[in-house]
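I have placed the structure first, in the form of structure tokens, so that the comments after it can refer back to it.
Chain naming follows the written order as A, B, C, D, E, F, G and H, and within any one chain the residues start at number 1.
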């Protein structure tokens, strides 16, 4: 019986490396997987690695990792050089959503994409978004990160031609219902052709962007 | 045992007449209540009176009613003259929301308020709303009627000083969940100081506006 | 007061024409919008136009429409010629999901895309899907249409490099919860980078595909 | 990339200052925003600043704040003088709801409103409310704070003419569902013209009151 | 195989006759059960027998039944004489709840209880309830029938000593959620010692009252 | 493009024939599938074929089917002879659940299993169940069909050694929530080792039984 | 402004003392209320006072309290003598439900009722319940405490004549949904005339019993 | 009054020993039950005994237990010898699901079953599952353990003849909803004859397997 069976051919099959989602795994499992992949000389992205767990890793393991506490992501292996042009805009409604938008940005950087980040442009102060919309339009793909009512998603969807990938976040309380409202509002968006990923899934939005960018 | 007990002193107590919510009542109950109030020489607003039921009322009863099929409302008794200035703007996201926004407008008219209606200004085509925002700002109160993601509510809440009363509508399908998403999104709005009434409750929003207008 | 305010510049702004979602609108509203757009000499896609309503339209209006009863869509205006190569694969789990997958296909055809349809390839008979996977892989984008447990979404997401857009359907009963389970399962998919649109929203998936195809 | 982008013109646009919702932000973000606003010589209201976090702020930051632990609010900058007359009544059902009602009262005080608070007047002991109803009626606006079944909201709505803004609270257990029942009951209130804000959103109710008071 | 197996000893065991809940049974099943019980010379209460089905029963069957269309109940067999004193008060919030309150009253009458009915005493017009509270207090048991926010339940629970059995009704729309809000609000009532039965279950409330009255 | 792709090797792969779930398919689709399978000389079970649709099938198609209106099932092709001994007991709580329990029984008969049916043995009259428990114990598998609170499931699970497969039904109203309560209660059963299928899924329970019986 | 306003006349009005629900109140609030009531020379029941908080109370306060850690209740003031005969049976499904059933028993003891407790008689081992049913039948009222599927409620309801008050508990996991399943199952019980209180509300069930016992 | 009443005849009645579910019981209750059973010289399985509680047990008690921290299970009493042939395959989608799959395996081992475990074979990397499907087919029963979208359940159900018992797990976040999505997806599986147990209920799946294996 093996505890895990890494999917090392995933990149070939779907164009994306297998990543390690750390939440829900024990410290021992995380460490053993990192060691196994490192031994195989392969790169890997770790997500949902919170600061306390990162700090508790053995020094040998920790030294292999390029860690970012806001996004709770780590890179194992040498970083890919970044492209010159940012093809993806990550647009983030509020300061509280930064962990999620940074997860998207870091995942894209793992694949060598330079990312433009637009923060704190929620629609309660619409001028902030409108003032930057031309810049945003210069990108091939827009990732929209927003919690609560996720109104940013529809507004963006109505202002740009690019694919818009919505990431609802768990920011908010009460009727925000841990991100369920932002999720449902994004799905029911009045702007056509917006797609949606799971709550707080900045990683997934970035992978979806990579699937588009890998095309052609 | 009486089937009903009209609250004829309500206007004195809360500044609003008792209205007749027809859905859920039998044809007989609706007819008997209308007759009782008419006999008492009092005005009354009827809501949720759908066209089929209106058509099935006896001619004597029907002739007492000023009926509007879109809003499914009827006025019993002489109409109050309308004020010269529209103090309330009813802003409606889409054509499918018109029944609800008209219910709000008709309720206000019942109380003698002239109403400005702004239709089909959902945020998927933001220029439509922005092009009319100065007009909207000229009103004392804004009622925002929107279904699906209700993004209109937050956008409006960030653009006007007036009280904003959101009416989520049951328009939409799937993740719109019969208006629950618009309701939750309105409650979780990123714009401060927006208040919310029940799904499709144009009547309630108008009553809330009257409570404000009746002040001082 | 206008009942509707068509967003005729939408194509310029987001690369997609405004479409007419017929459900929730009255017969009169649908007819008036069709006439207005026809008068303006513009094409339009109508969705959720069920057969009974289509049949009840006036002959003059009906004669303007190219109607398909399975997808409940209609084209107003001359059809665009189709591309030679199908860039989008619409993969459909079961016969009961056909209305939704056809809505996606028809929307793409409205924009001139030739579509490859793969029907009845749900994972309960996995060989059917595996037998056609090479064909599916030849497309730039995959739209996966599935109800109930939507297992097709994850399986496809793990087998192709292309962007996968999931359309959960309301097919099923009991724990299928009108499509909510397929929706949640698609969002929680174990395959990375899958994106999701609203339940039964074949139109939205096609629009999302067009946003990708319009790129570059 | 900036972590935040303060909306300093909000007061001009909507008549309300941007406030800082501390929950969901890191200690560093809270401190940096407070410093930025203080440097700009502007006042700000902080909400959901719990006592532990307040205590952990650096002395320099903490000394700028007028903190209240029950409401978890803090004022940055000089306090506005209070009006002589209390225009708003904050009516609170039970002792457990005090944190929320105090948040409403403190927000109003931030804007210079004197507030009358009526505590522990839940309808299980109706005489307590009836004994104070004349006092309550002397106010321009009533904020009703209640958890569990929120019956206070309907009772108040039927007894006063003023605008009634309901704040459902997360007090209770089991079928109280973290405030969802109080929220739904307030929205479905049998008293006409009551409006509702999010669960535990004393701040939002006060902002809604300010929108009304800022009128005319 | 038998289609049904009547529990003719139920009265002995639990003090209540087996009743026939007609909804969900076919016309044939209802008719065959009525005939079987009639043949056995036993009385039976039928509930949820709507008028259309009642009308479609064969004359022979229908002639055995004492039918009431508002409560949708029928008595099979001779009526028991009513007690002189009404021991149970059935208090009903609004006209739309009458079907449910009548079901409770009819069930009690089936068992020979005289019932006092108090209708249209919802708390939005509190004086109506307060004006009759002394009368209500003269009963041994109070059944409170209310939909929407069910505020009547808490108010009554705080005003009487008797057992209060709440029957939430499915009256209302939107956030009333088909009676779920009235149900949850009744369960979370701030008045101690109130008990609750299923939505629209006037029959069950009456049975619960009979269990109490059968005591001692 | 084919509308359907029958999985004719399913029996070989999983030991069960592909069945035709008629709900959600159009009349045309049902008829074409039946014809295709009949042409191939194969048997097939049809489920959820309601009486109206059955009656509307063309005579040629209808004549091929052995139809049962209570279970809404039909057999295409010659019936398999039944085993001598009933290996499965289908235990049904109430008369309203019969459609579902009959679906289970008919599915088993399709595969040649003789079935013992125990009807109307809900736990509100526990003696009915206890009086037949020895008979039930004589079977290899027990299918328990119950709606509302599904208490029958736990009681049976604690009284027999055999595998117990629970089929929650949508019988009931209000808090029964269309079968969700029976489903959740069955899953949370205090009796160990009970398994559960979807609401109203008599067919699925029978298939599960066949998987067990096909073993060894 | 007062933080609380005790309802000292509640006993007179509804026959029950106001009790102190400690959860959701601060330590200071609990202590101040206890002191106020003690000063007034009145008895009071405290509920949801967990052991840690009890231990942290000042010695002076703690010495006034008769505390029971399992039920998390405390009596303030002299205990009432217990009646000779137990009129209430508290029947508890499993060991994990004991905290709730003890809360019911302690509340009854506060009012001077002797209580018979029947523990660990869940229906998965039906013989345990049946072996004690004659004893249970000797009581005037039965309180049934059960979590998970709450099958005990229906079984008891079908076996006794007395009023049955169900207390669903939050025991269980997954589909038990924190007591929601037990709650819904109790409400949808197939046994007629069972009433229900909130999840884990042993106190409320006891109060309901007292309302019955106080009668006549 | 006894705190617990062990069901020592359960094995005789249902073929399974009573097990001790430790979560929700106090340390004292767990210890006392273990001692009681040990004194009676009987074996017992303990589930949901987390490592911290295990460590805090008194040495005397702890020494009686054969504890496994991953599955959080312990055996009391001598282990039964394992059969030579593994009759059950436990198939686990991901590393995070191991705690649940191990609970199933350990429960089977408690009853003397040898178990084959197949780990990390989720469908996002379908080749891993397909590569081992022949091995899996060699077993009499398949237990499928999967969280998130639980697509593994349908894929397996379509590939094997054996009974498939699905155990949805609480692994995942957002739309995974603590296992509710995996649960609903398993119930709505497109593969016929799959049965389901509660979320994370590896124990229950093993008991269901034992009921099957105990047959004949």
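FYI, a residue touches a chain if its C-beta (ideal position, glycine included) is under 8 Å from a C-beta of that chain, and two chains touch if they have at least 3 such contacts.
This is a predicted model, so every value here is computed, not measured.
Visitor: Are the interface residues of chain G and chain H largely the same numbers on each copy, more than half shared, or largely different?
Guide: different
Visitor: What is the size of the turn, to the nearest 5°, that moves the C-alpha atoms of chain B onto the matching ones in chain E?
Guide: 90
Visitor: Return the distance between the CA-based centres of chain C and chain F, expressed in whole Å.
Guide: One centre to the other, that is 34 Å.
Visitor: Take the average of all CA coordinates in chain B, do the same for chain F, and state the distance between these two points in whole angstrom.
Guide: Distance between chain centres: 49 Å.
Visitor: With chain centres defined as C-alpha means, what is the inter-centre distance between chain A and chain E in Å?
Guide: Roughly 56 Å, centre to centre.
Visitor: Rounded to the nearest whole Å, what is the centre-to-centre distance of chain C and chain H, using the mean of the C-alpha atoms as each centre?
Guide: Distance between chain centres: 42 Å.
Visitor: Counting only residues that touch at least 2 other chains, which ones in chain G make the list?
Guide: Residues 10, 13, 124-125, 157-159, 172, 174-176, 183, 187-188, 191-192, 198-199 of chain G each touch two or more of the other chains.
Visitor: Judged by the touch rule stated earlier, which pairs of chains are there in contact?
Guide: Those chain pairs which touch are A-B, A-C, A-D, A-H, B-C, B-D, B-E, C-F, C-H, D-E, D-G, E-F, E-G, F-G, F-H, G-H.
Visitor: Of all residues in chain E, which touch chain B in the complex?
Guide: 95-96, 98, 117, 119-121, 124-125, 127-128, 171-176
Visitor: Along chain F, where are the residues that touch chain C in the complex?
Guide: Checking each residue of chain F against chain C gives 1-5, 7, 9-10, 13, 18, 21, 23-25, 29, 33, 168, 170, 179, 183, 198-201.
Visitor: Spell out the part of chain E that touches chain D in their complex, as residue ranges.
Guide: Residues 93-94, 122-126, 148-151, 153-155, 157-159, 172, 174-177, 180-192 of chain E touch chain D in their complex.
Visitor: In the complex formed with chain C, which residues of chain A make contact?
Guide: The contact residues of chain A facing chain C are 10, 13-16, 19, 140-141, 157-165, 183, 187-188, 191-199, 203-212, 214-216.
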